[in-house]
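Read through the structures below before going on.
Each of the next two complexes has subunit A plus one more chain, namely subunit B in the first and subunit C in the second.
On to the complex of A and B.
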């Protein structure tokens, strides 16, 4: 708690960390070409699948043909936001080889410092996502503007911010767990895959079997992806909206609590051998 | 303001006025996963992992004086780095007490962390994808070093280490020596009261090593910073340190002044014995009979390469007799006498302790 208060009183290092991580990240231009390529490949794949589905029927699950394009584009934006925390695996690797010590040595509030370090690389991802959004807005304005009306944008952005924060906290949980299992690539890959599928940003959750949706409803994943998406492209009943919004906040608090508990034990586990 | 708060905290924690570090019965045990080599071993370990424990530090009792430069030596796996990591608050002791400036390091309090600077020769704290200067700026911000002080320090230290030209180059494009000098600067930005240097000269050339040694010495004199230097290079220890801690198998074999260490062991064979080498010109070399005669003296080893080399290991009382005996047989082009070596002594003590 003392470190958190200190961080609030002295936020400068955290802003500097955002700046440095952004500078470090734009060093690797090829990863952005790859990101653009991967984004467009996914969009084209989804377009092909959705075209095939909607050529035979007007709606599938709770998704109408007219909502499909918005789902694909907004789903991409959300997915790029909740996955691709690129430096997660770097940190887990550092736990393994002992380089993590540099974070433990410095008088910092660790979660805030991690967050600052993660925001930097995200700036470019978000920029690319916004460019994609702008392109779609220009070329498919008639369909797109219908699905995300202007008055919904502030609330949509707020939901996305909460969703990103929850995702980030979940990633932090993965980092703390890595102090025990030390399996860097497996953990981050599993989590990125989970974020892609279980959040319902790649394939609408309503297309999955009922038993799967039942299980997934007990996890925070639908609140991260499906909830903001549904809000953006369709009309959610007010009662349901508040229930889901409260669930999202509750999950954030729960994961924050778990992380605060895990952090102490995790750092005690840090024991890379030798020099 | 910060100093006032620091001194208040110091009073609160009961900081010892003489010693920077005090540890009593300090023990650290690691748990290691063991597996047999090969595919079968990997599969067995996958299904049923086995663990073993390794005691890195065992009931260690020692204290380090404020303002001293203390050398920490010992063989690989002796527990040096473990001890240093515990002092920095990176590792939690399994048992025992450890206090650094009155703080319990593993609690990692902000005031404690501000007093510590650490350089590990094999690990970097600089961001590799950006310039060292950008990392320095970040560190200055983390440790709340005022802008003007920060710039003065960076300018001063980079002049001493002659790294001004590399300050704005990406760290990953620098050589090991350049990077290591920048690592030391990074650890000094906030002028820590305790500087922990774990093998800072590893892999460096002679010039870089000398520069680092001279800097440590001068820095300690000028700032009164307590410095712990762990190194496998005994020249580092001999040239820089006032005190010595010799660790073997997680226990301190010796702790005290370096000069006293040499005095205590002046009768040890490593200090009594001298290595003498005679080098003979191949053209004017001793013939085979002369070689045999030389070999008979004190178990000499006669090697024939471009020149002929005769090596002896005798007590210092026998040096004069040996030289005159060899000179009677043949005339060498060079004679080399190696005197007392701290490295040999420490080696012998570690080996003796292991037995």
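On to the complex of A and C.
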């Protein structure tokens, strides 16, 4: 708690962490092109199947033909926007090799520092996501149907921010688990891979059997992906919107609480070596 | 040394390589199972990936009976082949391709050159992804399901066709991967090249004739990903029956063998060793 108060009073190391991780990320420029290329590969792969589905019918589940491309592109961008790949492994490595001890020696608030380090590389991803979105909008404008008038954009951005915050908290849970098992990178990879299905950004959740949707509804995943996505491409009834929004906030609070408990036990368990 | 090793692979000593590979497999199993939960996590990664493929097509076929010229049974046969071919790639090549840039950059290749073994064998098959072996069982399971859905059982000719052309497809992935690795002799850094390769490889996860015509042409020529899974499946299911399609995979394989050999021969000559 003392470190958190110190972090609020003295945020400069955290801003520096954002700046440094951003600079480190933009060093490899070829990654930009590859990220855009990878996004288009996914779009083509999904379009290959979606085009055939909608060639024979106007709607499938709650997805209309005109919303298909928006669903694919925005779903992909949301997935890319919230998932972290490299940061988690780096942090788990630090627990194993003992260099994690700096958080015990320095007045740094570890979760905030982790968040700052995760934001830096994401700035590039978010910018490239906007570029990908713009390219798709220009080249496929006739197939792009969205329900995102100007007045809805701030709310959409807020939902995405909350979704990112919740995902980051879930990654933090994986990091805390690593204090007990030493190596948990594979768990975060499984988490990232599962995001496509469980968040409903790869396939609309309405396409799944009812039992699967029932199970998924007890997890935070639909709130991370499907909720902001549906908000952007269709009209969500007001009551449903508020219910989901409150669920999202509740999940954030719940995971924050669990993480605070895990952090306490994890730090006590940590046995740094190296002197 | 490299020249000797290359003769080694072609000569009578070739038969010691499976034994060496089995030792490497045992060694990798011990390394990977050191962290129990991580090992389970890796298994989970594989199962999530396979689950994603299955759920994707399962959800799709509740709205359509055919995807282009592919019936549901055909698609499940395709998915089973995809899982099996991909598991071969994961078991044999994936970890090695990802590490190859580091091998060059850190000068570890110096040590590889000293071993009385084929250099390409060491570079492409040294690390075995043991966990992916589970994918083979999953692939067999999906294959049994697909075979039950097919309207007529496969003939002996079709089964032989599947084994032959799927084997060629898996070999092509390895050869293309070896070409990508060899580029690291010139660029030193290969991480992004490998990423690029795997993004293109992902296009093979759908039947090539579902894509737009321009993309299909690329997958049949410049980056022959269609020959990894889609063409072998279509040949087996008699969707392609002109002689050209039976010969084309051999031509592509021959071209890849040649390109790979040229790249590796010139690449190794260019290598100066990080420790020298």
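Here are a few things to note about the model shown:
In this text, the second predicted complex is superposed on the first by the 253 of 275 C-alpha atoms of A that agree within 3 Å, B and C clash if a C-alpha of one lies under 4 Å from a C-alpha of the other, contacts with A are read in each partner's own complex, and residues count from 1 in each chain.
Definition applied: contacts are C-beta pairs under 8 Å (C-beta built on N, C-alpha and C of every residue); 3 or more make two chains touch, one makes a residue touch a chain.
Remember, predicted model here, so these are calculated numbers, not experimental data.
Look at A:242: by the touch rule set out above, it reaches neither subunit B nor subunit C. Of the two partner chains placed by superposition, only subunit C is touched by A:197; subunit B is not.
Residue contacts after overlaying the shared chain place A:31 against subunit C, while subunit B stays out of touching range. Within the superposed three-chain model, A:20 lies in touch with subunit B and out of touch with subunit C [touch as defined at top]. Contact with subunit B, but none with subunit C, is seen for A:12 once the two complexes are overlaid on the shared chain.
Of the two partner chains, subunit C is the only one touched by A:186; subunit B is not. Shared contact residues of subunit A with subunit B and subunit C: 28.
Against subunit B, the residues of subunit A that register as touching in their complex are 2-3, 6, 10, 12-13, 16-17, 20, 23-25, 27-28, 98-99, 101-102, 104-108, 267-268, 270-271, 273-275.
Interface residues of subunit A, counted against subunit C in their complex, comprise 28, 30-31, 34, 37-38, 41-42, 44-45, 48-49, 52-53, 56-57, 60-61, 177, 181-187, 189-190, 193-194, 196-197, 202-203, 207-208. Contact residues on subunit C toward subunit A in their complex (touch as defined above): 35-42, 44-45, 48-49, 51-52, 55-56, 59-60, 62-64, 66-68, 192, 195-196, 199-200, 202-203, 205-206, 210-212, 215. By the touch rule above, subunit B contacts subunit A in their complex via residues 30, 32, 76-77, 81, 85, 88-92, 106, 108-110, 113-114, 116, 118, 120-125, 127, 129-130, 134-135, 137-139, 141-144, 170, 198-199.
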